[in-house]
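There are two complexes below, and they share subunit A, which is joined by subunit B in the first and by subunit C in the second.
Let's turn to the complex of A and B:
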């Protein structure tokens, strides 16, 4: 019996695969214990160790790399480290919103929980069956719930935490429900080519009901992944939660958690790839669904962003819109899809992290997250303003930035797949419209920085060292990789 | 690894510019040092290559891969003699100008880091043009030099005239660049490649009309960059920039890029590609520019403007030589001209600084006594420019005149006439500014320039004298296998001696020994016309820009306002923003609505995927 179950799940995992995961979990446990038993220790040291641990893991993964999915792990680790650094860069706010005043008590977990989530993401990348996929995804999600509502003295954060929890619970439910249907129709939790083939060809029962059930299972599983990446129809939580959650957590959700979502999606569709060829009915359905989702995500994300005035909310919509461009890779998945996705996510991660850092800086010193609060930065902080411009330009897809190459890839993939799936032509004008809309709403911040005069009381912003370094590195990365795209070996 | 050494020509100045801009924008000393170091390092590298260092062909980097190989954008470098010797001119004069700038800009209140960053970005762009192994990369460098020239002309941007001049230079160049871009695309279509190495021998099978169109479109780029008639108007205005910039960019290197590009193409495509029609047009444009500019120069009072028009006229010579299929002579003159014209400009810069930023020659006078060394250097440059036998300019001008006489005597006589005019206006300049007595307060207080200015002047003066002789020219003239042909005493020699004498005598008769306080030739219609630059600028302003362009602009404005802006942009913006508003309404913050909408969406998903086959 036991053997039977292990066959249903998967037997070909090795301990070795999970070394980075274990390392992060152990580190997180150690830090939590340190926090509990050495309350006098400044929390900053916890944050630094946590961030370094993440960066170290990222470094290990780069050296170890090979599989494109590992690249997603690198991005997730890097993004987690950056969110932790952002959190301790603005320690004062963290303390004030958690315990009130300058008291550091109870802020330790804020720096260690991202580690747990990151460990979950790394575990997830190794998953080839639904059980491990579900468990590791839940590790990510549960830590994120806590993080989103961590600022308990801040109403927005609490509201964000609750909204995220309830909508997240719904998506978890869908995922479990989907897994149940999956097991029911295939008799296995394995995400493998054989399973899909058995199910599509009707399995032993050889009936349409089995195929239908299998497809429904996949629809539910996809929906669970869509929640994480912020694709329509599971995108509704994003603007509210990004706006309400503490900025470091928004950064984590926007980058690391989204990367996890795309990893789930990649793992889910990997067994499908050989079947997505014209002439197979299932392929037509698959392509239709992803095309519809991509189109809706593009439209809702990019057009919704047009009317936003709050910078964090704007980034929320932007993250939906960018996910739409990534989803285009998934319409006709191929061996190149994981690499393309990783490349786009890298461009997105560098730029989005930079902008969140900028928002945190403006928010703390000008007291507002409105786009208008960026007024006159071009005059008062010309260099920082320029770095922000690079990040925004990359998000909008200005040539010579990495964002341009990423978006170009998205267009190229669509145009290439149009030769087999002619109907995808409809997506092209939508993508063009959405790319154009991007120029409008990202440049709203640039306009505020350069065209709006600073008010008399606006003194130049103090750029904290970490923020300065991260902004510069992100901008340099975007420009260098954007001018020399072959460095990435796409 | 070693074969990629030439990439340092591009990377070092780019790095210096980036550091100047980003890190050292507040400490100008470090910025200046960095820029000078990068220029010196590239010069050293260039000398090493000329001395025989051979690292093999540098790697070609595929920048933008396209499925069809010939359409991919490649970045590759050429290290042939043409490129490397041109690099010597660029980096050599570049380094001297960098050093000169230290003295010239001392006490200037503008941001010097910005200035040196501009110089470095210029060095990068110019190297990009010189070393490019394909037209796409040339074009990138082409636009980048335009950009850096814009930055440097407008360095004193708070001065309205400087800002306007920068704009004028940029926009005028854009006109030429349009043609150039079309020419590049035509080349890609006609020759099947943008790579210089792949163009050889393909001209034979191509219809003459197509070749003519291609070459003339490419020539448009040179007309803009090398300031040939009718796009010459930007160069005199560009003198609003700091004088060292004028020396480097608007005399010695950038403006010569057009000539360099044409010669490069002539070698790559072969003479067969330059059809008779194309050659006639190129040579005529060059000759017209040479003559017009020399005429206008005779009545200019601003020392830098005289030199600017003289540059135009000399560039006219070079373009004429290209049109006469004498690329060798063109490059020879480019090379000698670069040294002596840089010398003249830097000399003028020293004079200007020492006269407290006075540029009007009629407010100078008697400077020979107060700053003898500077004036002596300036005179060496003048001797080279007016082609006194034995100076470098003489040899290269003879080469062009010889070629003209051989191909088409009309151009020979135009060249001879321009030579006489050149002698006239340069003698006028020297007599008025350096002889006699000071006519203004600034000139009375003039004193010798400082060491950082004098040193470059002396080096350049030496080059102005000796660079034309065979032993040095053979090794340095940017042309593969160049040989200074022994010059024979013949018709061209006598004619140019005659025009030299004519110009000298005329100038001495009119201006005497610099005792006069105003120009005796002024006050008549001809002089007024020349002073007003033959009304060409005014014609552009009033007729082309104010008249023709305004009418077209009104029509386009109507189309733009009514159809594009009103219907398309604002209409679609209105529509999308309505849609956006609708979306925000859906995103009202109510949790129940969210779950409901998600559920609805999920239902659609399931129906699409599971109930549809």
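Let's turn to the complex of A and C:
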């Protein structure tokens, strides 16, 4: 019996695959224990060890293999490390919103929980069956619920936590329900070509029923994944949660958690790849659904961002819009999809992290997260302002930044798939409109920095060393990676 | 070596921005270096082509001078950049830094666009150059600067996206991502699947960037508002990007360019008349010098589009049209840059640009009057000045392959019926020739507004505003003389060999 179950569930996993996951889990447990038994220890040390642990894991992953999914792992680890370091810069507000006053007590988990979530993401990347996929995804989500609502003295944060929890629970429900349908129609939890092929072959009345059930299963599973990446119609939580959650947590959600979502999508879509060709009935449905979702995500994300005045909320809508551009890769999935997704996520991660760092810096020193709080940075902090401009320009897709190459890929993929699926031409004007809208709303922050004069009481921002280093590294990365491919005749 | 033409301005801009070196001096050094390097590159023997110029530390670069218009555009860029930086006069030290950075980045972007072999880099460099334009208009522009900057951003942002879509479809259908591979693909007989769509998108995208009627409304206010060096570089150099792109792609397709653009040609002819005549009349009505020059720049783009239409109508064999367009792009770039430079100097002297409140400035500053007269007459198309060579060649090229009674554009497409009806009435003139007959009136219009402006500013009694005029600095005089020298030189010896 036991063997039977293991056949249903397990792909051929090896222990070695999960080494990074275990390493992070053990580190997280050690840090939690340290925090519990040595409450006087400054939390700075916890944060530093946690961040170093993440970076070390990222290094191990880079050295280990170059598989596209591993790249997602590297991005997730890097993003987690950066959000932990941001949490450290954000200490003043954390203390104020958790314990009140200057007291650091009870803020230890804030630095260690991201590690657990990151371990979940790394585990997720190895998943080839629905059980492991679900369990590891829940590890990520549960830690995120706690983190989103961590500032219990801050109404916005509590609201964000509850919203995220309720909507997240619904998406979890969809995912589990989808897994049940999957098992019911195929008799297995394995995500493999054979399973899909058997399930969609159809022909007889009985197998036609299987096709219907299998599609239902996939619809539910994809809906669950759409929640994580913030694709329409599962995007409603994003602006509220990003705005309400503590900025380091928003960073984590916007980058690491979104990476996890796309990893889930990639894992779910992998067995489908050979079947998305014209002539297969199911393929037409698949392409239509993804095209509609991508179009809706692009439109709602980018047009919704136009009217935002709160920088974090703006980034929330922007993350929906950017997800729309990534979803274009998934309309006609191919062997190149994981690489391009990873590339786009890298551009998005570098730029978004940088902007969140800037927001956190403005928030701690000017007490506001409105776009207007960026006023006059071009005059008071010209160098920092320039670095922020690079990040925003990359998000908008200005050429010679990595963001341009990423967006360009998205356009190229669409144009290429138009030769097989002519109707996708409709997406082209939508993408053009959304890319142009991006110029408008990202430049709102640039406009505030350069066109609005600083008020007399605005002193230059003190740039914390971490923020300075992260902003510079992100900007340099964005420009170097964005320029080289165009100049060099590789 | 070509990479340095881009790297030097970027490095200089970084020095000014990050190390706080003095703005104008650093920019001048960089512009001087690129001027020398650029002239060397322009004059380098053509057969040296790819290998000796476009590599960096042994790595081959996607930059080349192989395209027909590259050299002449590079020449224009380095000349105007040098003059713009030399004549740079900002209100304060911080502004001087920002102006210098923007001018350098603009020039680096334009150089990159004109030298790129990779089509995406070609597009990307141009986009990059647009950013300083917006920022500068928004921060330092005259008049209602923020609205103007936003209008320009939206127009150009949307146009760039349309253009990108066109380029992507072109590249993806031809399986070629650089101009050289595109040329190879055309040689190999590969044809794009949807040529008319590509042609339409390219024409709309490039056209808006060059302020083709009716998508021109962003241009005149933007030039009028922009700080002097930005107006010089944008109107003089960067705007030519669109025409450079159209001519390059049409040139690569050679006798097959009709498939891409042929069916839009009649529409284009009608629109360019909008540029020459409609915007021409708008120009005559302007009461401010900067508005007038902005509109005049839009108006003259009509002649360049006429050259393009003649090129397409000649199925890519009309070499004269290409030659004329190259000359006029160079000449117009130099003359409009000189006019904007002088506008900045006039404003600095009189603190106004209202034509009615100036007068008699020539008595105070004869040098300025002489230069303005020269640039204005060049812009009108006086023989022996550079613009004449370009305009005349274009006018001739419109009749290049024409035999009485034959209609050059044979394809049955948009607006062909009204044109052929008109053509029968008028002794068998083809659409291009008909358009030329109307467009020639533009010369009269430009003479009217240019000479009127000269009279208002420089002649008659010394007005109150002109009485303030002091004297020009040496840098001002040298910058103007520098451009004027080349206008005269290219008028006498048009650089047809490039």
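Going forward, the second predicted complex is superposed on the first by the 478 of 490 C-alpha atoms of A that agree within 3 Å, B and C clash if a C-alpha of one lies under 4 Å from a C-alpha of the other, contacts with A are read in each partner's own complex, and residues count from 1 in each chain.
As a convention for this text, a residue touches a chain if its C-beta (ideal position, glycine included) is under 8 Å from a C-beta of that chain, and two chains touch if they have at least 3 such contacts.
As the structure is a computational prediction, the values presented were derived from the model and not from experiment.
Visitor: Look at where subunit B and subunit C land on subunit A after superposing the complexes, then choose clash or fit.
Guide: With subunit A as the common anchor, subunit B and subunit C collide in the superposed model.
Visitor: Now for A:14: first (subunit B), second (subunit C), both, or neither, which partner does it touch?
Guide: neither
Visitor: Using the touch definition from the top, say if A:240 reaches subunit B (first), subunit C (second), both or neither.
Guide: Once the two structures are laid over each other on A, A:240 reaches subunit B alone.
Visitor: In the overlay, answer first, second, both or neither for which of subunit B and subunit C A:232 touches.
Guide: A:232 contacts subunit B only, not subunit C.
Visitor: Please work out whether A:450 is in contact with subunit B alone, subunit C alone, both, or neither, and reply first, second, both or neither.
Guide: Second partner only, subunit C.
Visitor: Now for A:404: first (subunit B), second (subunit C), both, or neither, which partner does it touch?
Guide: A:404 contacts subunit C only, not subunit B.
Visitor: Given the touch rule stated above, what does A:174 touch, subunit B (first), subunit C (second), both, or neither?
Guide: first
Visitor: I'd like to know which partner A:383 touches here: subunit B for first, subunit C for second, both or neither.
Guide: In the superposition, A:383 touches subunit B and subunit C alike.
Visitor: More residues of subunit A are touched by which partner: subunit B or subunit C?
Guide: B
Visitor: Once the two complexes are overlaid on A, one stretch of subunit B runs into subunit C. Is it 117-125, 315-323 or 387-395?
Guide: It is 117-125; the other listed stretches have no clashes.
Visitor: Touching subunit B in one complex and subunit C in the other: list those residues of subunit A.
Guide: Touching subunit B and subunit C on subunit A: residues 383, 433, 440, 486.
Visitor: Applying the document's contact rule, which stretches of subunit A touch subunit B when the two form their complex?
Guide: The touching residues are 162-163, 166-167, 170, 174, 211-213, 215-216, 218-220, 222-223, 232-234, 236-237, 239-240, 281-282, 284-286, 288-289, 292-293, 299-300, 303-308, 383, 433, 437, 440, 484-486.
Visitor: Going by the contact rule at the top, pick out the subunit C residues touching subunit A in the complex.
Guide: Subunit C reaches subunit A through residues 3, 17-18, 59-63, 94, 116, 118, 120-121, 123-128, 131, 135, 138-139, 146, 153-154, 157-158, 161-162, 164-165, 168-169, 172-173, 193.
Visitor: Taking the complex as given, what residues does subunit B use to touch subunit A?
Guide: 22, 25, 61-65, 573, 576-577, 579-581, 583-584, 587, 589, 591, 594-595, 597-598, 600-602, 604-606, 608-613
Visitor: Would you tell me which residues of subunit A are touching subunit C in their complex?
Guide: 379, 382-383, 386, 393, 398-400, 404, 408, 411-412, 415-416, 419, 428, 432-433, 435-436, 439-440, 443, 446-447, 450-451, 486-489
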